[in-house]
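Structure in C-alpha cells, see below.
Lettered A, B and C in written order, each chain numbered from 1.
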C-alpha cells in the first residue's frame, strides 16, 4: 500500500525542491497536496501523519490544512523562555532559542498564521491533530515585552470536530491557538506560555476540553478565552501569570472549571462575562500576588481590585471548594484605599458561593453582591463583615 | 539485536502473504506469533510495538493478544461521526468514513471482537497498550441508530495489570472496550462515542483510572460501567449523551468521580447500583436536557424522572460540590405531572449530600430520601421544600 | 539536514562499538556527545530524540543529560510487579521480568543514578523529556521487600524548566524520580510503583504538575514528596499503598491536591510538614485500610493513628469535599485503645476543614485541633463528639 507517513526532511517537493529548514510551511503544503491528490475517494481518505524531527525550521509560508485525519507531529515541545532571554544578558549562555521540533514562525507570505485549518462544505474537518512540536514567534519586535507581533500559531478557521492539540510548545506568538467552532476539542498536555493569548475559542463550542496544560499569557490577552460555549471542561491546568484573565468565559453555559491552579498578578483570575449561565468553579487554587519581575512592574490589566479575583455575570453559577490567597502590599491596592474583592457577583440570579476559603494580608470583601443581583446564596465563604451586599435578595451564612 | 518494532505494512506473513488492507487481524496475529517464537526465555520477554500507519484496513480475523508488554499503536484516532453521516444526505461530502489509522471491524471468523487480550496461567498479562488508532464498527445494519451490531472493539478477557488504552478512537461498535479484572488500568485521552457501550469493567477492578476522555454511548448501553471495583478514579472526562447512564457503578467501593462534565438526555446520569459503598461524586457539572436530534426524539432509557439525575444505592457515599442543571419541558416530564429528582438516595446508611447547586426550570426535589434510608446527611443542596424525605432518619440544613 | 533522530540499536559508538544490550548508558552518552559536537551554535541547538525500541537493555554507565531539548523515548512502560514475583513461586510463569523498552539499572560505574540531568551555567536546562520506557531496579538484594538498593532512576540535579516525565514505568528503585528545582515540571501518565520513593521534588519548585499517574512507594519512603514548592498541582492520580505518606509536602505554599484517589495502610496519607501555607486538599478519596499482604504484615511507618489521615502544619490551609474511609480492626489501632484521627491540625492559624465525609468502623476524631492552633474553621465534617479541640480558638458547626 502507499505510505501515509511523511517526514518533512525526506519529502521531495515536486518541481523546485524546498529545504524544510528554509520553509517548512511550503514543504507541508506540498505534502498535503500529495495526500489530496492520492486520496480522492470519499469512502477512503484516511489522512496521514507528517513527522517533524527535532531540528530548526523556518516557516515562511502558511500551512493550510484542509483534510481530515491529518496528524502533524514532532519529537519535542522545545519550550524555552524567551522572556527571560530577552530580559537578560545572554553572553555565555549555552543556548538562546527554543528547540525540539522547532518551527520559527517567520511568514513572508502576508499571512499571520503559521497553520490554518479550514475547509468549506461538509462534513466539518474531523480529527486534525497537532502534537509535540514547537511554534516559536521568535520576537516581539522593538519591545520584547509587548506581546505584539501579529503572529498566530494555529488557527482553526472553520467549524471542526474531535481535533486534538497535545503536547505542543508555543512561545512569543501574539495568539497561540485560535479555534473557531470546535466540537469535542481536546487541548491537553501543552506548554503554551509567553504568548499574547494562549487558547481562544470563538464562535461557540460544545463538549470541549482544555486539560492538563501549562499555560500563561501576557498582559495584553487572555490565557484561556471561550465564548458561546456549552459544556467546556477546564481541569488540571497549571496557569501562570500574566494574562488579563487566567480564564475568561463569555456568554457560555455549563463549563466546569475545576482542579486548576491559577496564579495571577491582576484582578480577574476568572471572569464570567456577559450572559454566563450555570458554570461551575470548584476545587481551584487561586493565588493573587503582585508583579515582582522588573520588566513588568507597573504593568496591569487596568482593572481595580474591587473587580474581584472571580467576577460573575449571569445566572445560576456555582463557586465552591476553592482556596484563594490574595496578597497585595496595601499601597498597591487599586484604587488607593479601596477594598479588594474576592468573589464579585456583578449581576445575575441564583448564583451560589459556598465553602470557599480566603486568605489575605488585607481586609477584603470575600463576596460582593452588586445591586440588582437576586437570590444569591452565600455561605461558608467568610464573615458577615467580609460580605458587601448591595442587594437585599440573598441568603447568607458566615463561616463558623 | 533483533528488532521488536513491527509495521503492519512491512510485515511479510510467512507462507501465504496477507495484505493488511485485506485483513489486518491476520497480519497482527502473525506478528504476535513471531514475537512468541522469538521471545521464549521467561527472563527476557520485552514484547514489542506494532505500528499501524494511517490507512484503511479491514479486520476479518480477531487478534489474540497473549503476550505482555505489547503496544499496538497508530498515528490518528480518526474519529468521524457516523451518526451524523447516516442521518444525512452525504452527496458532495468530502469524506464519509472515519480515518487515521483506521480499522474497519468486519470479522468473518465468527468472533465478535476485533481484539481479545487473554492468557491463562501466571502472571496476569502486564502492560498491554492500545494507542492512537481507530476501531470502526462500520454500520449498525438496517437501523443505523440501533447501536446493535454485536461488535466488540477490545475485550480483555482475563485479569490483567497496568494496561493502557490511550488516545484511541472508537465508533459504531456495540461494545467499545470491555475489560475483565483490571488492576491499575489506565483509560485516558480516548475518543469513544456512538458506541452501544463505551467503557465496561466487569469482574472487579482495583486502582484503575478512566480520565481525560471524550465519551458518549448510545441509548442501549452505558458510557462507563464498572462492577465490583475498588478505588476506581473517574476524572476529567467530558461525557456526551446518550448512554443509559453516563456512569453506572455496581457493587463498587470507594470510587472517586470528580471534575467531570456529564451531559445526558435521560434520568440517571450517575447510578450507584446494588451495594455501592463510600463512593465520592464531587465537582462535576451535570447537564440534563432533553433530546432534540430528530432520529432520537422519543427514545429514552425507560426511567422516570423521579429516578434522579444521580441515584444512590448503598452506604456511606458522598455527593459534594456538584452543579446540576436540569431543563425539561414540563410536558416531557415522566410520569406526567411527576416531580423530577436530582439526588435520590434509594437505600443505604450514612449517605451525604452537601454543598451542591441545582438549577431547573421545574419545581424539583433536589434530594429524595427513600423509606428505609438511615442517617442521611443533607445540607446546602436546596430548600426544605425541595427535600422529599420518606424516612425520618436524616439531618437536614437548607441552603441559605 | 543532519538527522537529530537516534535509535540506540542503530548507533555506532565511535571507537569501540558498544551493544546497547550490554550498556545502554554508554550508548546514550555517546549519542549525547554526538549531539553536542554537532550542535555548537547557541542560536541553533534543537536537541534530539533518542529512541529505545522494545528490548532488554542493561545500563552499566550513568547517562549524563546536559543538553536542553533532549527527548529519550521508548515504546512501552513495561511495568510488571516484581513484588508479586519475588514473593511467589514463579515456576511455570510466562515471564518474570518487566518489559517494554526495558532498562535494567545495573550501574557498575560507582554511580547510583541511571540518568542524571545536570548542567551548570545559564540558562537552566529546558524541555528535557523522558517518555514511555521502563527503568527497572532489578532487585532489592537479600531482602526483596526492603525497598533498599541505592538505585535512582532519574535525577535532575540542577534547576530546570519545562521538563516532562510522561508515560514511564519504574519499579524496584530506591528512588524513582528525584528532581531538584523544577519550574513548570510535568510528571504525568506514569506508572511508578514498588519503588522506595516515587516522585521527590527537592530544593523548591514552582508551577509544577504531577497528574494522571499511577503511583505507589514502599514503606521506607514517600510516594510524592515536595519541599519549598509554590503552586504545585497534584491531581488525577491513583495512589496505591505503601508509602510512608501518599503525599508529603514540606514548607510548601499553595499546592492544589485535588481529585486524587489515595489508598494507604498507615497513618498520614497526606502530611503538610513544617511551614505549609494555604494548600488546598479537595475532592479526594482517601481509603485507609490495614495491610493484608503477607510479606508486609507488621510493617508500618512508625506513626500512631492519632497522627491523622491528613496532618496539617502551617497556616491557612483548606480541606474540603473529601471522602475518607478508615477501617482498622480495633485491635490494630495504635496505640492500643487510642483514638484514630482523620484531619489533625497540629499547628497553625486559619486552617479550614469543611464539607468532608468520614466513614469508619471505629469511633474516631474526625477533626483534631492541637493546643496552640488558632482561628480554625471546622464545619460539616462530623459531629461535636467527633471533634477533639485542645484549643479554644476555632469555629465549629457539626454536620446536620
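Here, contacts are C-beta pairs under 8 Å (C-beta built on N, C-alpha and C of every residue); 3 or more make two chains touch, one makes a residue touch a chain.
Given the structure is predicted, the values throughout are model-derived calculations rather than measurements.
Visitor: What's the call on subunit B versus subunit C, same or different interface residues, using the half cut on shared numbers?
Guide: The interface is built from different residue numbers on each side, given that under half of them are used by both copies.
Visitor: By how many degrees does subunit A turn when fitted onto subunit C using C-alpha atoms, rounded in steps of 5?
Guide: 120
Visitor: Just the number, please: Cα centre separation of subunit B and subunit C in whole Å.
Guide: For subunit B versus subunit C, the centre distance works out to 28 Å.
Visitor: Which parts of subunit C, given as residue numbers and ranges, touch two or more other chains?
Guide: Subunit C, residues with two or more chain partners: 212, 235-236, 258-259, 282-283, 320-321, 355, 380.
Visitor: What residues on subunit A touch subunit C, complex-wise?
Guide: Residue list for subunit A touching subunit C: 9, 19-21, 53-56, 75-81, 84-85, 88, 90, 92-102, 169, 189, 191, 193, 212, 214, 235-238, 240, 258-261, 263, 282-285, 287, 320-323, 325, 355, 357, 359, 380, 399-400.
Visitor: List the residues on subunit B that touch subunit C in their complex, please.
Guide: For subunit B paired with subunit C, touching residues are 1, 3-5, 42-49, 68-69, 71, 73, 119, 121-123, 126-127, 129, 161-162, 164, 166, 184, 186, 188, 207-209, 211-212, 230-233, 235-236, 254-256, 258-259, 277-280, 282-283, 315-316, 318, 320-321, 350, 352, 354-355, 377-380, 395-397.
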